[in-house]
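Same chain, two partners: chain A is paired with chain B first, then with chain C.
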Partner chain A sequence: MRGTNALLGAAGLAAFLALGEAVPRLGLVKDEYFPPTSRIADALATELADEAFWTALGDTLTGWAIGLTIAVTAGILAGVLISVTPYLREATASTIEFLRPIPSVALIPLAVLLFGTELRSVLLLVVYASFWQVLVQVMYGVRDVDPVAEETARSYGLGTWARVRHVLWPTALPYVMTGVRLAAAVALILAVTAELVIGAPGLGARIAVAQTSQAVPEMYALVVVTGLLGLLINVGARTVERRALAWHQSVRGEVAV
Partner chain B sequence: MRGVLLRGFFVVALPVLLVAGWWVASDDSTDVYWPPLRTILTAFPDVWTGDRWRDDVLPSVLRLSAGYACAAVAGVALGTVIGSYRRVRAVCEPVLEFLRAVPPPVLVPVIMLFAGIGDTMKIAVIASGCVWPILLNTVEGVRAVDSVMSETARSYGITGVARLRHVVLRSASPQIFAGLRQALSIGIILMVISEMFAASNGLGFTIVQFQRGFAIPDMWTGILLLGLLGFVLSVVFRLVERRVLGWYHGSRDVSRRSS
Partner chain C sequence: MRRLLIGLAAGAVFVAATACGSSDSSGSDDDKASGGTTTIKAGVIPIIDVAPLYLGQSKGFYSKRGIKLSLTSAQGGAAIVPGVVSGQFDFGFSNMTSLLVAQSKNMPVKAVSNGVASTGKQGADFAELAVKKGSPLKSAKDVEGKKVAANTLNNICDTSVKESVRKDGGDPSKVEFVEMPFDQMPAALANGQVDAACVVEPALATIKSQGGTSIASLFVDVSPDLTVAMYFTSQQYAQKNPETLKKFQEATAESLAYADSHPDEAREIIATYTKIPKNLLETLTLPRWLAEPNRASIERLSELGVQDGLFKKAPDLDKLLP
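Right, the complex of A and B next:
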């Protein structure tokens, strides 16, 4: 069953690539707009041999990793703090609801003014965008704590910290993991966007350069790289999630966000 | 009565505190980049009235709606087809996973090649970024249709369009809405970015113009306006969702209370 699915999937992928090769070759679209798959693959090979490409990849990953780490840490700390402090959740609810939908790209002009094309510009956008994903999930998770378990812990005389550690955290962890997975994807989007629009060094900036210099196959090759990167991040986040929740996976339902 | 007052107090307290804090902290600011909030707020009505509203805000919102609508229609339609047939799903899955993983903003330069820099490009960019969360969530939702329900429908002879409307789409709708919500924030991001890239009007374009012209208070008003726009759209979305999914939230509350 699994084997057939993988086979069908591979066939789908092959058909997709073949279509990408055939459509421009048959002249259905101009190949200067949409180069055949083989030409993109060539450009990709050239990119992979280029040292500048690896530097750009490294820059993008650095921005992504630092931004994500800050956002996740801050999101978890703030989320737990807000949820366990009486009244704080009610007091912050309206502010969070207001700040969350503000599109992070609105901060692009500000980031340019403050930090120019430095890494800090990228970080500002990445952290702002992915912080909310984590925070909101943590708050959902904490709300899910079983009142009986909480009361039991209380009557056994567990202190605040012990209750956070043994009751709250295990309950919230699946939600936290969902938040981290979403944040990881969002962080990549924002890192690449910041590079693309602001010009901070990285894959995004390289795409912008390829576009302005009419290097179409290279541009497609770089877009493919960002897609693969996104895919890797998704798969990686899922694996981490499954590992961390090995004890929990069976009982939890996926939260739809 | 007291409860309502208390809740009202909690809703406004922190925002008021924050705005007041910003106001006081920035009041005698001479930093060019952080102008006093007073200056920003006085600039706001001057900047965003009359012509600019018609020339920049309206086109942006129209492009966003057009792209979003295209994505919603295409995403739900394709998602229903892919979700309904196991084999189609198996064939498409890896390709879809890849396409979804591409960060949507990198599509801007690609689509610019095909569609130039006009409205078509922007609508296409918005649609092509928004479509993935809707599509994938629809696939998941359609796949998870309760088998008892679909068997029952079959034994009552409900088929074709009626089945699609009353059984499949209805039970997939909570998932579809989750996708639509994700797509909304992606849509706003893409609207702004496509305008920052190449445009002669629109919110993104104007804000970047302000920043390049060092009209800093004006730039701040633009940031505030984008924030407000995001907020308003999410409120509207929530209202629509509550209406459409009213039956779902109701039944979930009931089952939660009884459990």
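Right, the complex of A and C next:
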């Protein structure tokens, strides 16, 4: 079953790559603007041999990791705090609904004014975008707590901290994990976007330089790298999610099938 | 999208310029100098125009004057102008029309050193009004009623295209401008999305390599030796750091002169901070790097801006220029 899936996946990818090779070669699109797969692969090999590429990759991952860590920590703390304090929940609900839909990229001019093209500019955008993903999921999760379990815990005399630890957290964890997974993907998108538009060092800035330099295959090669990075991050986040929720019904169910 | 960002950035600059004129994150001469070396942060765009700065840095023109030049690549003026005004950068690189627009709005910008100048040669400039292979358009007048690509609207591209059309006996008001980044212009021309493009190197070299031609040298039409772009700083920085400013100007003048007389070395240094393919790099028309700006040409650019309604009031060149 697993082997067949992997085989089908590989066949699909191979067909896609072959299509990417054939379409420009047949002249359906101009190869100056859409180079065949082999030329992109060539450019990718050159990139991999370049030290500056690895520095850029490191810069992007640094921005992503720091930003995500801040967003997840802040999102969980704020989410739990707001959810367990009714007054706070009432007071913040409309503000959250107002701030959440603001696209992170709209903050680019602000980021530039505050921090120029430094890492902090990237962090501002990454944290802003991924914080809401976590916060909202945490709030959903806390709302999902079974009132009977909550009352039982109370009647057994469990204190606030113990109830958060033993009742609230296990219920909210699956939601938190979904939030983290979404935030991880969003954080990468924003890190690359910030580099692309502002010019902060990283893969995005390298894509922009390739673009303005008319180095088309190199540009696609770097785009492929960011795609692969997104894929790896998603796979990684899913693994973490499965590990953390190994006890949970949704995951146990998945394993049994 | 990009337009929205530029608009937002411009708005943000305006807020910064009016509200936080007291921004003082860039220190004065004294507290920046350590061991006789002053660090200068310059915001540049990774394009061929700024090659003299990289060349001057590697030749030691800055270090021998006690300047440690720290070059940061930013993506276009959207990041550089607010960066300089807010003190994130000490110096920045900007095209002349943008600086004129900023001055006419009383933004605290001060042009300090020449950036790039037109080659002054008809048909052999680093920026041209280009058309694709086999285009029926033969001269500037022919773009009447046609779509012309410009990297930023209401800026140096459209004023100079209009001037070329006017000089050729056409009606500039009939030209329709389309905003797009330079790097997308070769494809847009080839696909017929636009009929002509105000395009600079290296995209110009791509167009030429595909058989496209130039129908007008728009910067030359504005003025021979047109000062196209300059390095600038904020007025606060200029007031606080007159010594450093003077050293930067001297070093930059030396770098510009050196780059202008050593085009091969300029091409070599360009390869280090851009990814321009080698075969394209050899065919590029380099701009001229004159040590001094050409005031007459900037006056002409300013007149055109007034004529085209770019400024509400004419910029004060005495305040803007060094």
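Quick note on the criterion: the second predicted complex is superposed on the first by the 247 of 257 C-alpha atoms of A that agree within 3 Å, B and C clash if a C-alpha of one lies under 4 Å from a C-alpha of the other, contacts with A are read in each partner's own complex, and residues count from 1 in each chain.
Following the convention adopted for this analysis, a contact is a pair of C-beta atoms (placed from the backbone, for glycine too) under 8 Å apart; a residue touches a chain by one contact, two chains touch by 3 or more.
Not measured: the values here are computed from a predicted model.
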Who does A:33 touch here: chain B (first), chain C (second), both, or neither? both
Under the stated touch criterion, which partner chain does A:189 make contact with: chain B (first), chain C (second), both, or neither? first
Could you tell me if A:161 is touching chain B, chain C, both of them or neither one (first, second, both, neither)? neither
Once the shared chain is lined up, is A:209 touching chain B (first), chain C (second), both, or neither of them? second
Quick check for you: in the superposed arrangement, does A:113 touch first (chain B), second (chain C), both or neither? both
For the three-chain arrangement built by superposition, which of chain B and chain C touches the greater number of chain A residues? B
Partner chain(s) touched by A:247 [first = chain B, second = chain C, both, neither]: neither
Name the contact category of A:197: first (chain B only), second (chain C only), both, or neither. both
Is A:105 in contact with chain B, with chain C, with both, or with neither (first, second, both, neither)? both
Kindly classify A:218 by the partners it touches after superposition: chain B alone (first), chain C alone (second), both, or neither? second
Going through chain A, the residues touched by chain B and also by chain C turn out to be 33, 105-106, 108-110, 112-114, 196-197, 208, 210-211
Contact residues on chain A for chain B in the complex? 4-5, 8-13, 15-16, 29, 33-34, 87, 90-95, 98-110, 112-114, 185, 188-189, 192-193, 196-197, 204, 207-208, 210-211, 216, 219-220, 222-223, 226-231, 233-234, 256-257
Chain A partner contacts - residues on chain C that touch it in the complex: 5, 8-9, 11-13, 16, 43, 46-47, 72-76, 78-79, 82-83, 86, 88-89, 181-183, 186-187, 190, 202-203, 205-206, 210, 273-277, 280
Complex contacts: residues of chain A adjacent to chain C: 30, 32-33, 105-106, 108-110, 112-118, 196-199, 205-206, 208-215, 218
Mind pulling up the chain B residues that touch chain A in the complex? 7, 10-15, 18, 33, 87, 90-95, 97-110, 112-114, 137, 174-175, 178, 181-182, 185, 188-189, 192-193, 196-197, 204, 207-208, 210-211, 216, 219, 222-223, 226-227, 230-231, 233-234
